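You will see subunit A twice below: alongside subunit B first, and alongside subunit C after that.
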Partner chain A sequence: MTHLFKGLTLAAALVLVPGAAVAQGADPDAVIRIGSLYEPQNLDNTAGAGQGINEAFNGNVYEALFQLQDEGEVTEQLVTDYEISEDGLTYTFSLQPDVTFHSGDPLTAEDVVYSIERVTAETSQSSRKSSLATIESVEAIDELTVEVTLSERSISLPYNLSYVWIVNDAAVDITASEDGTGPYRLDDWRRGSSLSLVPYENYWGEAPSNGGVVFNYFTEATALNNALLTGAVDIITSVQSPDSLAQFADNPSFTVTEGASTTKELMAYNDRIEPFNNVKVRQAIARAINDEQLLEAIWGDYGTLIGSFVPPTDPWYVDLTDVNAYDPESARELLAEAGYPDGFSFTLDTPNYDPHPIVAQFIQNELAEVGIDVEINIITANEWYTKIYQAQDFEATLQEHVNHRDIVFYGNPDFYWGYDNPEVIELIASAESSATVEERNEKLRQANIIIAEEAASDWLYLYPQIVVSAANVTGYPINGLNSQFYAYDIVKTN
Partner chain B sequence: MTAVAATEPRRMRASLTLSVGIVLVGLHVVVALLTLVWTPYDPAGMAGGRLEGPSLAHWAGTDRLGRDLFTQIMIGSRIALTVGAGAVGIGALIGVTLGILAAFATRFLDDVLAAAFDILIAFPTLLLAMLVVAATDSASLFSAILALGLAISAIVGRLTRILAKRVLEMDYITAARTAGTSWAGIVFIHLLPNIWPTLLVNFALQFGLAVIAEASLSYLGLGAPPPNASWGRLLQEAQGTVYTAPFGAIAPGLALVTLVIGMNMLADGLRDIGDPTRRRSR
Partner chain C sequence: MLFILLRLLPGDPASSLISVGADPEQIAAARRQVGSDLPLFEQFIHFLSSLVRLDLGTSFVSRAPVLEEVLTRLTLTIPLTLLSFALAIAVAVPLGIVAAVKADKWYGAAISVVSQLGIAIPVFWVGILLVTLFAVNLRLLPSGGFPPQGWGDPVAALRALTLPIATIAIVMAASLLRYVRSATLDVLGSDYLRTARALGAGFSESLVRHGIRNGAVPVVSILGIELATALLGAVVIERVFALPGLGSMLLLAIEQRDYPNVQGVLFISTLLVLLIGFFADLAQRFIDPRLRDPHGSVQK
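After this line comes the complex of A and B, so read on.
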């Protein structure tokens, strides 16, 4: 009991640390310089701009009807209140009054209709388009009321709407400029180098705690680390290797924060083909690999073990690390039961970038212990996409999956790994049309447990999300779900 | 008297270069042969902790998986020498054959072959290697050797063609032809013995370049796939840890440098000693 309590206090303290020191000597005019590796290709999140645009603009320049908070919950943003009809097919949203766009235009229901239709349009390249496919129509009832009609229940609509930027319907060319309602407006974008935001003076909510932010873009992680070391930037949004952390970890001039990421390292089998269509074979492989030792080798003291595809920040998370846990003895037994007492061999298609090649070698060593012979085939990211994702021509592969709430992939038998369990498909398909959030979470939790027990893939570990800042900078988001980086609470002391 | 004084130190320097070259290359050959029967640790086994520094137990430290780096570097010697020898072998076989063919051929065929050599030389080696890898469907030691061999064959071919043409203009070739020596006889009795010293020097140089090219390919993930411990792959894997465990990058780098410098010194020494035309011209 005391143990648990201690753990909880520690967890609470960890969450609070970045925001804790807001008090003394904060400079309200300080411009925060953020270092990032993800420069957006353009400024429109429905036009293939990459994750960098979410990092710079979500919640900072553009707002949505709902907001995905850094801790994972979804709260109202431009909506003050909403009603759902009995049958769950009609949502009526009341909008926040007195909101203006950066161009000065007031926010009206028409802008919301325009913004939602922009994402669901034929030509939209938004990665969220399919999750909004149940939207049948969007209508402006009056100045500040919007009605969304669905073809079937969609319990995650508020969550999905948190990805839909509310854009002024009069805005032109938002791939190179912006017209949002957020606390910052775009000041200057220098392609290939930086993007600067300044506070919007007529912002409807609480004004930012700083005098603006500049995102400085780097093409190489070492250059980015050096920029922080020399004081050219104040924060790095995500550190990709534990070993570059050594420069910062024991240095009082810097703060290292570990948050929860949604990036999962996994070995996906082609579940359609022999021997991976045999549950026992998959379970045996999962039990033959010591994930703990692997995580230690790749990330040192960072990162988290997961027993399934669902990270702790998804609402349907359950701790499944004990399911098919490391146990080489039972792995050998399972292989024998499955009809492979002498093992077998397979090719592991391995992307050529870190950490996949080293993970592949670890797996090769571990599986050799139980008699399975792994041949490593190094491929490029592009080959991965064409050979594995599109042509589904593979036996097993390594990949990092970054998305939030992506267990739905296991409900799609045509997905590249081809996991096909009617019960899971039914659970995942019906979860979205649940009447309540609890019902949905329960169904997805069930699905999660089944895929873990059947070892649909081998989920090796969850990447850590590491933010490093100068010690005088606080108040930044630590989890960065969906690549977001809310900048308005960041403060810098002198 | 003066002539002898000027030649002697030069020859001594040449033999010193040659000896150092032989020692460096010989060291790698011995290590490579040794790995066939013995290595300090199991190359795949986790023999120590994560990223340990150099110590008596692990001369070059350990990598992220706790494997002994010195063992991997030793195996890297074997891979580097295999690729170098294989690539130079393929290059020599194709290059010398086509080069001599061009020298003997009609004007038209000679032009075609010369142009082909030039085009192949102008083509970046790494790009060529990527094409070969794409054509063979997967990266392997064999595809790396084949790609580098093709690149080398063009260089060797061009050199052979020029050398052979120069020899074929000589009076004694005309004399031999008049005396009825066969085509093959001219090649094996007169031509090859006259051009092989220059070719040998070139092979040694190409060997060093092939070793570097193989490291580059492996660095890009186009060389021998893991668990083959190519130096290029060791360098690539050490890149992320270069601040915390610099020896992981320094050690394979040193191995690469010693072999390539050794090969170059060997080539230099061979040229100074073995090439009669060069010696005379000095």
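After this line comes the complex of A and C, so read on.
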């Protein structure tokens, strides 16, 4: 928690930085070179482009009706004002006038209709498609007014719309090019290497504080760190291994920031099958694993412990780290009560990339203490989707879940882990149709407490979100919620 | 063959398109898009028919035409391979000859020992060493990456390739050197060299006039194999140096089960390897007249 607060204070401080830095002689033409491990697979966020496209394009190249700020707030972006009908089923949005796409076309209500329908379309691979399922129709009322009609209340609609890029309806193919309204336009994309953005001269809002950004892509963390060490990039968007941090943390030429992350490392059981359909077994496993020691082993002083699937940045967070906390003695008792006094054995499907193999070994040792025998089966990321996510053919698995506000997965009994509690399903389903934000938060808070008590999965820890930059670079987002990396406030002094 | 091997790998190209939260409808759509919902036999027919038309298709994941992508990547991989190869020859041939001719001197032996070491070290380790020394500590050269403009900025491009070239060349030179050395030793012990010297030619003169040509024949066939290996070995080096070449494209495509990209890369690299073999053969025939006319050599 202390780190989290440090991160949040830093976030507040950084918001003030751009103005201050300009006074100190920031170079408005400096091109910011960003190093990242997440190259987009293509340029369309509804075509399976991966998290890299959110990093490069959200808020930079494309804008949405609403914007998820780095601090977690949702603010109006291409909307100047909106009205919600009495029954909460009709939203009327007034659009920002005088906005043009990078191709020169003006933004109209028709573009918004097209953009929303693109995400809800049958072929859409958007990860937010299901959260927009309540949308019944989208209509252009006039040039700058859009009306969205819902089949039932959806209190998070503005938040969900922050994931919907507004794309020119005349744009033909956006898997290899773009036509958005953001402060930058795409200059060049060299696959496997880099993607460069330059300021869009006719941008409707405030112009970027820098002369453009280049995302340099790496497949290996070592190569990425070397690039920062040698000055080939100015900033790296997320450090994925703690070993490399030492060389930056003690060096005045670099700034290390830890922000609030939403990436949860968890061991998911197949809750449909024996013995994991037994609450006592799941509780026993949670109590047999010392999460604190695990986090310490992997991240040292970084990272945060969590007691459930909800990170502190979600509005329905409650501190549940004491629920099913480490207690091997009671773990043994629970196992005996559940009918496994001598333990049992299971296979843990473990993705082959860091940190999962180390986590698996740690769990194997911890569970051996209480008599549970874990067999580690290493699989690739692709197999994970095929075997576990689609076929649901597994006993237990490790995975990092990156999304913001994703407790909804516990309200879906068909989800890969198959957690099926009617009370939780009802709470999560009705939360979305709440009349007020407070009502929604309260319902989700309750659901959160239930899944924690029932140990629906074992939430091991929250990854730290670490950004490292050269000391003369400031103004970057530090939380990177939903993998976003807004570049327009970044400045570099000479 | 390739088709079967790829399908034997667990996983599904559709998995690269979806993310956590995808509903069954989205998964079905992804499978339809990449064709993995079709029976294997039908997938095979599609594969064969496009191969016959020399159509490498479009990537499942990036949706870019495969051939175009492969050709872009080759503008990096081919210069990288050829330059490393040239550097390796430039180092290995003179050193190999010296090591053979002066085998009894301390430096002759030293060259052999160092080359043994070079063979034993894995290529990625050489790369890491060079990066640590020349990029991180001395700051002389970039640690990795390739300029966004590519060869549009030739100086930056060459600087980016210097360490990768040196890495491949060191390892390749080490093994080449041994072949050159043993070929030279063979020549040194041959009758014709003794005859040439008996006829009054100096040692160096007879070695240059008679030795090199004879020694070159086995070396050239090894060179062909080495060049082909270097082309395929670029996979590792491109990863260490974050270079957007053919090798990194292949690795990513395999991870994502992006079959069209995998098939495209392998098809083109097989073609290149065959071409290299063909030219190595031609070179041998050019050097050794006996190979040009097999019947003639029998009569000799």
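Keep this in mind: the second predicted complex is superposed on the first by the 471 of 494 C-alpha atoms of A that agree within 3 Å, B and C clash if a C-alpha of one lies under 4 Å from a C-alpha of the other, contacts with A are read in each partner's own complex, and residues count from 1 in each chain.
The rule is short, and it goes like this: contacts are C-beta pairs under 8 Å (C-beta built on N, C-alpha and C of every residue); 3 or more make two chains touch, one makes a residue touch a chain.
These numbers were taken from a predicted model, which means no experiment stands behind them.
Peer 1: With the two complexes overlaid on their shared chain, look at subunit A and say whether subunit B and subunit C clash or fit.
Peer 2: Because the two structures are overlaid on the shared chain, the partners are seen to fit without clashing.
Peer 1: Once the shared chain is lined up, is A:Q361 touching subunit B (first), subunit C (second), both, or neither of them?
Peer 2: The answer is first: A:Q361 touches subunit B but not subunit C.
Peer 1: Quick check on the superposed pair: does A:T92 touch subunit B, subunit C, both, or neither? Answer first, second, both or neither.
Peer 2: Once the two structures are laid over each other on A, A:T92 reaches no partner at all.
Peer 1: Would you sort A:N352 into first (subunit B), second (subunit C), both or neither based on which partner it touches?
Peer 2: Only subunit B; A:N352 stays clear of subunit C.
Peer 1: Is A:T145 touching anything from subunit B or subunit C once the two structures are fitted on A? First, second, both or neither.
Peer 2: neither
Peer 1: Quick one: subunit B or subunit C, who's touching more of subunit A?
Peer 2: The larger set of subunit A residues in touch belongs to C.
Peer 1: Once the shared chain is lined up, is A:D243 touching subunit B (first), subunit C (second), both, or neither of them?
Peer 2: In the superposed model, A:D243 contacts subunit B only, not subunit C.
Peer 1: Now for A:T380: first (subunit B), second (subunit C), both, or neither, which partner does it touch?
Peer 2: Both partners.
Peer 1: Of the two partner chains, subunit B (first) and subunit C (second), which one does A:T100 touch, if any: first, second, both, or neither?
Peer 2: neither
Peer 1: According to the stated criteria, A:S433 is in contact with first (subunit B), second (subunit C), both, or neither; which is it?
Peer 2: The answer is neither, since A:S433 touches no partner chain.
Peer 1: Minimum Cα separation, subunit B versus subunit C, post-superposition (Å)?
Peer 2: Between subunit B and subunit C, the shortest C-alpha distance works out to 8 Å.
Peer 1: Do subunit B and subunit C land on any of the same subunit A residues, and which?
Peer 2: 380
Peer 1: Given the complex with subunit A, which residues does subunit C contribute to the contact?
Peer 2: Against subunit A, subunit C makes touches at 10-12, 15-27, 29-30, 33, 61-64, 69, 72-73, 128, 131, 135-136, 139, 142-146, 148, 150, 239-245, 248-249, 251-252, 255-257.
Peer 1: Give the list of subunit B residues in touch with subunit A in this complex.
Peer 2: By the definition above, subunit B touches subunit A via 44-46, 50-51, 64-66, 138-139, 220-222, 225-227, 233, 236-237, 239-241, 243-245.
Peer 1: Tell me, which parts of subunit A touch subunit B in their complex?
Peer 2: By the definition above, subunit A touches subunit B via 241, 243-244, 246-247, 296-298, 300, 350, 352, 354, 357-358, 360-362, 364-365, 368, 375-378, 380.
Peer 1: Residues of subunit A touching subunit C in their complex?
Peer 2: 41-42, 47-48, 50-51, 122-125, 127-130, 175-176, 188, 190-194, 196, 214, 216-220, 222-224, 226-227, 229-232, 379-387, 389-390, 399, 401-403, 406, 409, 414
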